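Next, two complexes with chain A in common: one pairs it with chain B, the other with chain C.
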Partner chain A sequence: DYDLIIIGGGSGGLACSKEAAALGKKVMVLDYVVPTPLGTSWGLGGTCVNVGCIPKKLMHQAALLGQALQDSRKYGWQYEEQVKHNWEVMVEAIQNYIGSLNWGYRVSLREKSVTYLNSYGEFIEPHKIKATNRKGQVTYHTAETFVLATGERPRYMGIPGDKEYCITSDDLFSLPYCPGKTLVVGASYVALECAGFLAGLGLDVTVMVRSILLRGFDQEMAEKIGAHMETHGVKFIRKFVPVQASMPGRLKVTAKSTEGPEVFEEEYNTVLIAIGRDACTRNIGLDTIGVKINEKNGKVPVNDEEQTNVPYVYAIGDILDGKLELTPVAIQAGKLLARRLYGGSSTKCDYINVPTTVFTPLEYGSCGMAEERAIEEYGKQNLEVYHSLFWPLEWTVPGRDNNTCYAKIICNKHDNNRVVGFHVLGPNAGEVTQGFAAAIKCGLTKELLDETIGIHPTCAE
Partner chain B sequence: QVRGYLEFMQTAQRYHGRPIFALFCGDKDAEGRSWCPDCVTAEPVVRKELHNMPDDSVFIYCLVGDRTYWKDPNNEFRKNLKLTGVPTLLKYGTPQKLVEEECFKADLVRMLFTED
Partner chain C sequence: MAQRLMVRRLLSLTPRTLPPQGPLAPCAPPGRLFGTSASWRSTFNVQDGSDFQDRVVNNPKPVVVDFHAQWCGPCKILGPRLEKMVAKHEGKVLMAKVDIDDHTDLAIEYEVSAVPTVLAMKNGDVVDKFVGIKDEDQLEAFLKKLIGA
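On to the complex of A and B.
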């Protein structure tokens, strides 16, 4: 019936569908959100729009504004009111915005003649899927080509009480009540970003970490992020894992040390589990049509054209094995895939030197390799690392730390001191990093950086 | 059918609890023609799809005022209802709306009326 059927209406799926439709193809998108154990669900747009990047950045902003209010008195602003934060007002405003995005996508797909089904899609035979909607009604559809863009969902701990009493990021951004005293389990960027803004809004936050912070990220930067959060009121419990969540009165968490017999027990209002995300590939009939997945993590291995082992099935976004889990990457992959399939293009998605930013209270932007990775790849003796602490001008007047913001570049001595890793910890790290990513794509070297005159007074200079 | 912001709000409040759809158009002259040409195009399209509204819905047809009132960036519709153009067709109390040329498309209008 269709040229292209895309399973998943998130960043990747929507971008791919719109591009394919623009190239004149008959396209269908299926998007379906299986409600969380607590019953939370959301509209069209995927993780980023509904329970990821967008609400995260807005709540991060809410927290930054709180900090700005504190600084404002030092800059001469005078007001009597004690400033407090209202969680419900913030959530309503954010959810309203998300609702307009969901609607915008509905209109956009309609205008581009993309068929949208709010149904759960699964393969039942080659080239054919079964679509089941909320009411259990089933329809069948066939297509020449399929794209898997089903994304991921938060992983639970597998301990008693986790699904009954704990929440995840899927629930946090639309929580109808203020989370209050919160335990965040995990040390992923999701865990740290959430712990960060919750603390910034004035809540009592503890982070329970099994081993290291931000696995896979530059560890020097990760530790600095953690240290900053700690000096700003976030409690860390390191080398412990929860073993039980119960609700004898209030919500109680029992945890054990990873290094000995020590036990920890405490009561919280909310427990937020952020230990990782799992690809939604296990229940969509991939085994029926022979698409191979990596059994360990459920992700889909693809070639450099996003094609799976089954030629008419492609995959994009967070479900890809060994690729970055980022919205802009999924969007780019989706668009380029559609152009290759239907527009005669041969451009492939470039996964090298993709810039990212972690929106912890002190933001961390990076492009290229972590120092550990660079040492692995080039050898310590072949690298030169240039680094600097810096004190943002805006922090001077309010008297904020002068030994916290930090930047480093890792250069390859055998390639003209080519910048292979860029890392910055400081305000507006995302805005700062974007431009440097373009420079790195052009082959930025230390010399070129030295020759580039700074903009004064900024952090970026 | 109502005219002006106050009348609109009073009517919307009266039907609180029921799904409310509203079409905002520029005033009509003595011959029944609106100063807003896009509103002239949109109105019949919208009216033709009204039967698709869910049971118990209310449809409010609201004349916003004359052209001068509408052009004022501080008029109540712009400030309080966040309208950016006429015609606007919206589902009151939700972010769902169609603006200007979007109102010319019957399938978009139908989608607004039937979407949940």
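On to the complex of A and C.
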């Protein structure tokens, strides 16, 4: 019936569908949110819009504003009232904005003549899927080509009490009550960003880490992020894992050390599990049509044209094995895929030097390689690392942390001191990093950087 | 926006402090009572497609249809204002409220992109429409035109 059916209406799926429809194809998008154990669900748009980047950045902003209010007195603002934060007001405002985005996507799909079904899609035979909606009604659809863009969902720990008593990021952004004293389990960027803004809103936050912070990221930067969070009131419990969550009165967590026999017990209002995300590829009938997935993590291996081992099935976004889990990457991959399929283009998605930012209280922006990775790739003797601590001008008056903000670039001596890694820890790191990412794409070298005159007074200079 | 489907499940997870009325669930209140019994009869919430067919399309009287959403701030201002102006006409014109998230098919059928969108319907046809917020004078003119024409 269709030229293209896309399973998943998130960043990747929607971008691909709109591009394909613009090229004149008959396109269908299926999007369905399986409710969390607590019953949370959401509208069209995928993780980023509903339970990811968007609400995260808004809550991060809420926390930053709290800090700004504190700083403001040093800048001369005088007010009598004690400032406190109302969780419910913030959540309602954020959810209203997300609602408008959900609707906006519905409208834009309609405008581009893309058929949208709020149904769970599964393959039942080659080129054919079964779509089941919320009421259990089933329809069948066929297409020449399929794109998998099903994304991921938070992983649970597999310990007693996790699904009954704990929440994940899927639930946090629409939680109707303030989380209160919170334990965040995990050391991923999701865990640290959430712990960061919860603490920024004035809550008592503890982070329980099994081993290292921000696996896969530059570890020097990761430790600095952790240290900053600690000096600002976030408690860290390192080298422990929870073994049980129970509710004898309040929510009680029991944890064991990874190195010895010690046991830790504490009560919290909320336990947020952020130990990783699993691809939604297990129950969509991929085995029926022979699409291979990586059994270890459920992700889909693809060639450099996002094609799976089954020629008419492609995959984009977070579910790709070995690729970056970022919204702009999924969007770019989706658009380029549609153009290659139907627009006669041959441009492939470039996964190298993709910039990213972690929105912890002290933001961390990076583009290119972590130092460890660069050493592995080029050898320590072939690299030169230039670095500096800096004190943002805006922090001087309120007397905020000196010697905390930090920037470093990793250069390849054998290639004109080409910048292979850019890392900055400081305010507005995302805004700062974006421009440098473009420069790196153009082959930025240390010399070019030195020749670029700075803008004063900024952190970026 | 996020919805919580299992109210009972969540409420069983006390002793955390939960708001007394339960989680945020989209629920359109029945036509707001605005003092006069005429307003109770003049405004209604559309239940589904066939309800719309019966009470709006097939209605011998003219009907203004207020397409709105839970997450839309201006809708919360326009809604009561429009209801009040409709009530003043004592039954000569009726008002139907449609939540676009609950009745997306209907909203799409009538090409609603932004909210609030208000359609003026007479004998099943859309004879007038506006998008966004309006003040009482503008609403009065809109209603007069619908009834009078």
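As a convention for this text, the second predicted complex is superposed on the first by the 461 of 461 C-alpha atoms of A that agree within 3 Å, B and C clash if a C-alpha of one lies under 4 Å from a C-alpha of the other, contacts with A are read in each partner's own complex, and residues count from 1 in each chain.
Definition applied: a contact is a pair of C-beta atoms (placed from the backbone, for glycine too) under 8 Å apart; a residue touches a chain by one contact, two chains touch by 3 or more.
Values in this document were obtained by computation on a predicted structure and should not be read as measured data.
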{"item": "Simultaneous placement of chain C and chain B on chain A, clash or fit", "value": "clash"}
{"item": "Chain B versus chain C as contact partner of A:Val107, first or second or both or neither", "value": "both"}
{"item": "Touching partner for A:Arg250 - first (chain B), second (chain C), both, neither", "value": "second"}
{"item": "Touched partner set for A:Glu92, first chain B, second chain C, both or neither", "value": "second"}
{"item": "Broader residue contact with chain A after superposition on the shared chain, chain B or chain C", "value": "C"}
{"item": "Contacts of A:Trp42 with chain B and chain C, given as first, second, both or neither", "value": "second"}
{"item": "Partner chain in contact with A:Tyr140 - chain B first, chain C second, else both or neither", "value": "neither"}
{"item": "Residues on chain A lying within both footprints (that of chain B and that of chain C)", "value": "96-97, 99-100, 102-103, 106-107, 110-111"}
{"item": "Chain C to chain A touching residues, read off their complex", "value": "1-7, 9-10, 13, 15-19, 22-24, 69-73, 100-101, 104, 108, 113, 115"}
{"item": "Sites on chain B touched by chain A in the complex", "value": "94-98, 102, 105, 107-108, 111, 115"}
{"item": "For the chain A and chain B complex, residues of the former touching the latter", "value": "96-97, 99-100, 102-103, 106-107, 110-111"}
{"item": "List of chain A residues in touch with chain C within their complex", "value": "35, 38-43, 50-51, 88, 91-92, 95-100, 102-103, 106-107, 110-111, 164-165, 173-174, 176-178, 180, 247, 249-251, 269-270"}
